[in-house]
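Chain lettering (A, B, C and D) follows the sequence in which the chains are written, and residue indices restart at 1 in each chain.
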Amino acid sequence: MIVAMQEKATEEQIDNVIDAMVEAGVSVHRTTGAIQTILAGVGPTASLDLSKFELLPGVLHVHRISSPYKLAGRSFRPEGTVVEFRNGVKLGGERVVVMAGPCSIENRAQIFETAERVKAAGGSFLRGGAFKPRSSPYAFQGMGIPGLELMREAADAYGLLVISEVMEISQIEPMLPYVDCFQVGARNMQNFNLLRELGLVRTPILLKRGIAATIEEMLLSAEYILSGGNYNVILCERGIRTYETATRNTMDISAIPVVKKLSHLPIVGDPSHGTGRRDMVAPMARAAVAAGADAILVEVHPNADKAASDAAQTLYLDQFDKLMSELRVIAAAVGRTL
Amino acid sequence: MIVAMQEKATEEQIDNVIDAMVEAGVSVHRTTGAIQTILAGVGPTASLDLSKFELLPGVLHVHRISSPYKLAGRSFRPEGTVVEFRNGVKLGGERVVVMAGPCSIENRAQIFETAERVKAAGGSFLRGGAFKPRSSPYAFQGMGIPGLELMREAADAYGLLVISEVMEISQIEPMLPYVDCFQVGARNMQNFNLLRELGLVRTPILLKRGIAATIEEMLLSAEYILSGGNYNVILCERGIRTYETATRNTMDISAIPVVKKLSHLPIVGDPSHGTGRRDMVAPMARAAVAAGADAILVEVHPNADKAASDAAQTLYLDQFDKLMSELRVIAAAVGRTL
Amino acid sequence: MIVAMQEKATEEQIDNVIDAMVEAGVSVHRTTGAIQTILAGVGPTASLDLSKFELLPGVLHVHRISSPYKLAGRSFRPEGTVVEFRNGVKLGGERVVVMAGPCSIENRAQIFETAERVKAAGGSFLRGGAFKPRSSPYAFQGMGIPGLELMREAADAYGLLVISEVMEISQIEPMLPYVDCFQVGARNMQNFNLLRELGLVRTPILLKRGIAATIEEMLLSAEYILSGGNYNVILCERGIRTYETATRNTMDISAIPVVKKLSHLPIVGDPSHGTGRRDMVAPMARAAVAAGADAILVEVHPNADKAASDAAQTLYLDQFDKLMSELRVIAAAVGRTL
Amino acid sequence: MIVAMQEKATEEQIDNVIDAMVEAGVSVHRTTGAIQTILAGVGPTASLDLSKFELLPGVLHVHRISSPYKLAGRSFRPEGTVVEFRNGVKLGGERVVVMAGPCSIENRAQIFETAERVKAAGGSFLRGGAFKPRSSPYAFQGMGIPGLELMREAADAYGLLVISEVMEISQIEPMLPYVDCFQVGARNMQNFNLLRELGLVRTPILLKRGIAATIEEMLLSAEYILSGGNYNVILCERGIRTYETATRNTMDISAIPVVKKLSHLPIVGDPSHGTGRRDMVAPMARAAVAAGADAILVEVHPNADKAASDAAQTLYLDQFDKLMSELRVIAAAVGRTL
């Protein structure tokens, strides 16, 4: 940590800050310039609340130097994390992985038809939600565990893996037999109790960026899971809230290269939630792969217009086929396969 | 709902949209202008996902007309809601209510000293957190139920009410004996499962605005609680995320008059979280009361520098005394008492 | 325009609103629903300030239906605009155009070396700033017209076109002999006096999106230029301000498909300003082309570290060569050439 | 400046960074911690582009320590700036100043009636725009200099001062005889050429915060004017762009105490542009004064509904009278007069 003192800070104020730093377990190196004194602190600052120092008399600014995350940082595993699933599919390696399926699991016909087409087009994961707490109290709330049973059956029939969202600690146990990857939704990115429990399982976790979360905050949430011992964490960019209203969210494509620089964890693009509009999904999926995404998570439905949730952002199966062939060429352009 | 067709929309496209609206249970009135056709739909549109219509061929825009909330809307109770607590304190009426206390309950001495001073200065509620999932996995996590026992004891000793944050459904039952008001934190504003359960209790709920939530979304979350039968909902502005970094969040003071216009529910200002800086708390508390807030929620601590959490935004007790006397004059200026 | 009345609006209030609409030259169609009255207005609403109607007694919301822009709208020229330059280069057609060069023109050696390399790599435009009002009053302020002379000479020597930023009305005339395309910077996107004058010249205009501008506002600014008679307008996405601080701005890649849908004007991606970091330029340039951008505007410099301005976001010439070969493959993936 | 090296930075990388710092005229102090090396640089860093250092191999982060503004900083004039006008009115002192008038000057009757009422209610300044470049090319564009003549006449008749917006360098000279204070609009906050010219006049300048500008950027723009020798700069908060759409902008009331802390310059609140809605103007004006604003800038019009511009946010004269009496009490609550 660095404490920059105000130009007119007194010796007493400086000493007072040094004492507070030492008390917090930090070693202090002082630099006295012509106009300003700077205190560099080295020690266990990752767990300190630095804002207290900012309010001490005579202090101008306090800067954190070491990243507040360690296990999620690039330097922890410079070669990058590759998450390997039980059927040998690897996420984070040379191959760009595709995860596709409906927003909500609705019935057997829907999920089987989707699985068949996702597999045929080259997808690796079947996605689908079983629990759907909706922003309107009057909307469809999901099939629950019976939905997951159907999805597992369909995935197994076509050699796909299963990813589904976990919303509460109490759902972890019942979901475990059915999923190959837990998805943590944007609203739960900072549900630290849930993250802590997910750190204790060994099933991989796809952690979605919160709608107002910085990339640093997403990495800190990943740290929570990693610190529990679950090293199979996959990050996901799905759009942030900005002032622009032409799209539901603004998909921050630049988060992909930023994550690649700061962390060793794989990063997935979700153009369905990132845009909220079916006609924007394909261009944004292509952009995500072009920018270096390790996987794409996309909503598809055999009868997209009638989907029980998220209909407007769900691709028709034919659109999905076309997208897959475009992505195959883009992947090649960035030295990958699909 | 209103569907505006594109200038060059064909009759077939228009008919197709009308069919889709009728199928959704909506009556359609058509206006054919010189350049554009407009379809006005009347019916149960509150629960419809309008974005599907936006993707139909020939559609330019779809607008929702009726508010997506009903019970939270001003017209449901034009005279305004006054929440009355068991000791007769009313929130939403003429008197501006003050809720104060530490971020976290730490020990008996701390909470009793705070209670004494809050009462002496004219406060009505003792606030304090028992469960503190922190963004860093290494920080203090709260005292739990034993902390609530201490806070209840202190509040009773000084004739104060108790407000504390509930973070999970499983905490509702154990907290019930200790609290006069449940607080729902910003991160849980859209935890719809939690909101639904809180709709079933009869203890009042203070619902904080999410860090990236619009005022409309906050009202829709209130609707969730109200629709369960709990009509004692209090809203709270505590800062939103913007590009400005001089303050931790940007406290949206204008949310106070906006809520007063759109809803009958009381609205509280939280200048501690709204700014994240002790030296900004007093001006923003004054601004909130001047703009019409029904209550102020503020962090105070007998030893603010050493507070186990949120130290930087916590007032010293002397600062709190001074703030209370300022607020008293401001309240009078807007025709209220404190 | 649509006026949605409040549920409890009186007949007198409704009549009053109808009168105000008629007075403004709008024909009114009334829809009386079970709970709500809706007034659809058809007429010259593009130039009306609709917010006045919002404050009339009994009004719930006012919605604009027709786009506030006409000439910039997709339906004005559904086939899309292709801007053709004097040497036959077309922007908006099959070929993805590359514009590259230093932030500021510094000296002959710099601009000639850059021109040679830009041409060799397949670029069509040499870019470079002559006027550089900087946010710090102490920094390099640009070479002015002598810089443009140098850039023109270098561009002609290598068969390139010239694009440079115009910052004031008084610069238009002196710049005219030197530039093939005027660039309007983000800070001037709503300098309507400047836009009006640029509507009167016949040189194409590249209009950059303001740092806090919506896509609709960018199209309205384009309308200003188009309405003066200059139909050669090219839009440019260069990053918007959001709460994320890992990149200087958040480059809104989704603006590219949104503009393609709403407008017939070509759209360019500027990954240098979009990210502010050299190491993010290549991934974001690839993403822009993958999402459908018609051109890329990128900062390159023979000695990028020592560039007089924007050094941190400027590519080395070798990085530029590599990027060009990647973009060539991506362009093919979306059915284009480069 | 502080350069934090990556954990695994080599000695060669560290030396390379030190060389680059020294070359830029900065003295370097090195702190070698157990895991990380920190380089503190002291010298003329205010004018350095620090982002170049961020891209050097082995660098983790670069932090600026000294404020990039000097003349605008609090420490330059700790007692605060009071701007005194020719009739003795002081802005920045004990008295809260009120500036009121129409968005646009329209005709003699309008501006005289307004002046009479503003004076009667206790206002000190008559505001009004003469040049109105509008976002729609079809709207009223202002009366120009003849409008200023009328406003000067009306102000003199009632003993008021005149404030009006300057939009271009060419308007400075012609406006000089008519105005007591130049207003720089939000869109011109970073028009550095205009700011430089305004630094050379001796008329006070009211500088509005840009819609996407940070407080630091506003202070840097003020620095531009101050560095030209014009020390009479007044800042103005008028709303920033956020994701919330219930108000046109989000008025950042916390900017008022932040400016008070960082700078010695007076700060004004503009609730008309801050909210865009007449019914929000009074609560936000009260909030601004409660938070410590030195003045209020507000739009009033004898016939607000028919105002040629900004009708929706303009107060009726009776509303203005009522607001003035409320503000008088609030001012007293914060130890001021009005």
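Please note the rule applied: contacts are C-beta pairs under 8 Å (C-beta built on N, C-alpha and C of every residue); 3 or more make two chains touch, one makes a residue touch a chain.
A quick note: this is a predicted structure, and the numbers were derived from the prediction, not measured.
The fewest steps needed to get from chain B to chain D, moving only between touching chains, is 1. Looking at A-B alongside A-C, one finds more C-beta pairs in contact between the chains of A-C.
Between chain B and chain C the centroid-to-centroid distance comes to 38 Å (mean Cα coordinates, whole Å). Taking each chain's centre as the mean of its C-alpha atoms, chain A lies 27 Å from chain B.
Between chain A and chain C the centroid-to-centroid distance comes to 31 Å (mean Cα coordinates, whole Å).
Of all residues in chain C, those that touch two or more other chains are 212, 241-243, 245, 279.
The part of chain C that touches chain B in the complex is made up of residues 2, 4, 6-8, 27, 29, 31, 33-36, 38, 40, 42-43, 60-61, 63, 65-67, 75, 241-243, 245.
Every residue of chain D that touches chain C in the complex is listed here, in rising order: 46-47, 49, 51-52, 54-55, 68, 133-139, 167-169, 187, 190-193, 196, 210-212, 217, 220-221, 223-224, 227, 241, 276-279, 305, 309, 311-313. Residue ranges of chain C in contact with chain A, taken from their complex: 212, 214-216, 240, 242-247, 250-258, 261-262, 274-275, 279-280, 283-284, 286-292, 326, 329-330, 332-334.
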